[in-house]
């Protein structure tokens, strides 16, 4: 008979589980943010801190990439879109009401394995390397190593930023390893001395080596001044001027406190 | 030792775990004769015959003492290679068990595993073995067909052909006809008569008429013990033991 | 009385509904997969999609041929490793393993089947990729071979368990027949047991094959994700599934790119469906044949 | 030619090695995860909130996310799966329907997990957005529920078909109705099999990443409703490893995951042994 009791308990558990979700108020989240994975660390960090001061506010953070973020905010599915690039003309035309808010400066930094002695590459050399015209580091004054390119995946905002700035309509070589995230790029570069890739500044650490472009090193000064080739701004996008919770949240990120978080995540603040 | 004796069993005991299945049996099996082993179900007759080619080694938890000499060599000695022993002592089972392959491959199985690769030689062996088992005329046109499509009697004769293809000394039959109809049984019995010219044959059967028909010597087993052993004719017509008489007259079993 | 029958009929109705759930779900999946995927073909022809060598979403060029070839190579590589190993292990468990070894190996296989694919992936990314690079003198260890190795490990449990069932059900009399001819254990295994069990073993291999084609997480981490047509196991590549995982995160919803990724999903979906039906047919036939 | 006995020995060595290699592979994977993860695994790791963008602190939100997702998946798949099995074994004869359902279940079982991911995205996240809340824990749970349904159908089906015919007949003979027989004889007898199926499904739901990867977020808060987004141990592990956030936390998560799977595996075994012993009595 004990088996029947077991069965009843099981059944009961199922029913409880089924309704536990529904019993709680199923109001949607107060604030939903979606989009660029590059911007995500800043947003998550901001939510972490902001949420402590506003325990009643429910904030949802989703990835999806810059394009999805912009599209979703345009459709009204989310309150804030996160983007690592400016709106394209097409996107502007589709949703003229979209407003962008610069919240931080990011920079793609050309990165090598720490044992690679190369310190500097010219824009042309970088273009040729990523186009697959230069296939060995000795052609650019480095050691005799076959070059392995490490790039972001198709569709990535980071990738299109890089290609717009450096590749001027040359296609990136199809032998490049594609990674879905900055961290994966860093991991690959750190583990293989043949690699070259680009990383957001927030991801540079001592497992990889950042190099200068055209003689300009990737210092904070150079980046903020826009002299290092690959600097860009990161945006939050809203449909129309923000109001209510949306406005408060963006103001928080732009505040001194928020900008400290930006720096903590390795990006460069707007100030 | 008598030259005519092919197999000599001395004081053979066998246990399955704690259960003793064979009790101190001794028997002498003569060359080029058919020896039948009869007895009621569970009397140990199958277990006994399986001792003669050490098939019982495959069963877990079996313990055997005593001696089984074939050609004056104890097959339970440490230096005996079981594989070559079984090649010399072939066995045909109760249920026809051709392998799920072609008729040709079934017969050629033994020669192949013993190292014959030459195609022509294999063909010769297969043909001779099938002829010896009177199967050749029935299957010569479909050697490349699956053996599983044969009738039960054909399958059993195929198994015999498979066994003699490796030219053993001794053939063991473990109730070879119990799954067959009377016609097929008759064919197998004729075959056994034919085969004894070349082989020493031991056949286990629960069918007394069969034992009387095919064998020269008969042993009667009861509860793991060899009760009586002698010339078939004598054992059936004039049994020495009461229990043998009871059995062959059908009073039990 | 009428009340009871009513209740019984209601319950019967509900249960009937439940029993068709698998079928209904399968249908919904087909509908949504094709609804999103087939939109691609308003822009790209099926031939261009299947045999095109270039995959450039930024320019709306969608040729999946390199992905298809990678998927085939990865799967073949995985089978090359796991089939001999898996069958051997199944044979070991049924035919020669002592009890204690069986009780060690069986749970190990179950556990191997239970480890999440993401953990296999992380393990392969850190260990296998590195181990491969030096001996083969590769520029990068992120190759089809690396993916094949980790996939081989992942599909071993399937191949072993199904082969094992099949070998186990080979009738004892076949083995006895072979032993009685003076065959050694190995001759019996290799010439009688395994050939008799081949249907089930093939079914297991087919299922394993399906799993290898569909596996994503472990593959995406180690295969390199290179859109070039791979020519050997030592090239990097990108499988159908890894392309989906890699790009779906940033593909703009409702775009052609998004549709193309659904199309990539349709291919392994259809292949695996066919393979699964094939293997279940093999398994049922085997059963009916032995009985 | 090599003597058969020699090749027999060589072959046996190979067979032993093949089994040994399986053990070694398992041990190296488990050992590796254990060595890398043991340092960060602790009670507070499991029960604390993450801080500093997942780099420090615990993984409580992911654990709760996994739990919720699995509960949703099971509460969908268990009643339907067991119900389907009851219908197949008790209410209908072997025939076209049973065959079709079994083939459908097997096909469903074989579908690549990433295809479930695509499907979940199109169906639950977009098509049923108004009911599921878009990329929510509910969407993830239901996707996984779809995925483990065949496991539960098939194991329950097998378990119920092994219930002895004579006991069923006895029950009918005593005048029991069909429902009473199912309730009093079939379900209790098949219970260990059903439970094993549920635990198997649970293990699969907990371990899957690809089907739900497009529906989760890295939000470091405890999910308050199943209509909101959250993440699970597997998806978190993927992000931690991919974004290179913290390998320590990543391996701590991996070890937590493996421990849960080990416990489930073990309890499935024990449960089965326990019940089958009790049943035989």
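For reference, chains read A, B, C and D in written order, and residue numbers begin at 1 within each chain.
Simple rule for what comes next: a residue touches a chain if its C-beta (ideal position, glycine included) is under 8 Å from a C-beta of that chain, and two chains touch if they have at least 3 such contacts.
Just so you know, these numbers come straight off a predicted model, no measurement behind them.
Enquirer: Treat touching chains as neighbours: how many steps, at the fewest, connect chain B to chain C?
Expert: 1
Enquirer: Would you mind naming the chains that touch chain A and likewise touch chain D?
Expert: Intersection of chain A and chain D contact lists gives C.
Enquirer: Which chain lies at the heart of the structure, taking centres as C-alpha averages?
Expert: Of the chains present, the most centrally placed is C.
Enquirer: Could you tell me which two chains share the largest number of C-beta contact pairs?
Expert: C-D
Enquirer: Which integer distance in Å separates the CA centroid of chain C from that of chain D?
Expert: A distance of 17 Å separates the two centres.
Enquirer: Using the average of all C-alpha atoms in each chain as its centre, how far is it in Å between chain A and chain C?
Expert: Taking the average C-alpha coordinate of chain A and of chain C, the gap between them is 33 Å.
Enquirer: Could you tell me the distance, in whole angstrom, between the mean C-alpha positions of chain B and chain D?
Expert: Once rounded, the distance between the two centres reads 54 Å.
Enquirer: Averaging over Cα atoms per chain, report the distance between chain A and chain B in Å.
Expert: Spacing between the chain centres: roughly 80 Å.
Enquirer: Can you list the chain D residues in contact with two or more other chains?
Expert: In chain D, the residues touching two or more other chains are 4-5, 79, 241.
Enquirer: In chain B, which residues are in touch with two or more of the other chains?
Expert: 83, 113-114 - these are the residues of chain B that touch more than one other chain.
Enquirer: Considering chain A alone, which of its residues make contact with at least two other chains?
Expert: Those would be 37, 63, 179-180, 187.
Enquirer: Hey, which chains are touching each other here?
Expert: A-C, A-D, B-C, B-D, C-D
Enquirer: Considering only the defined contacts, which chain D positions touch chain C in the complex?
Expert: Chain D reaches chain C through residues 4-5, 7-8, 11-12, 14-16, 18-19, 21-23, 25-26, 28-30, 32-33, 79-81, 83-84, 86-88, 91-92, 97, 100-119, 121-123, 126-127, 146, 149-150, 153, 177-179, 203, 206-210, 213-214, 234, 237-238, 241, 250, 254, 257-258, 261-262, 264-265, 269.
Enquirer: Write out the stretch or stretches of chain B touching chain D in their complex.
Expert: On the chain B side, the touching residues are 81, 83, 113-115, 117.
Enquirer: Going by the contact rule set out above, which residues of chain C touch chain A in the complex?
Expert: 54-58, 125, 129-130, 133, 139-142, 220, 224-228, 236, 238, 245-247, 249-255, 257
Enquirer: Applying the document's contact rule, which stretches of chain C touch chain B when the two form their complex?
Expert: Touch list, chain C to chain B: 171, 173-184, 187, 191-192, 195-196.
Enquirer: Can you name the residues of chain D that touch chain B in the complex?
Expert: Interface residues on chain D, with respect to chain B: 1, 4-5.
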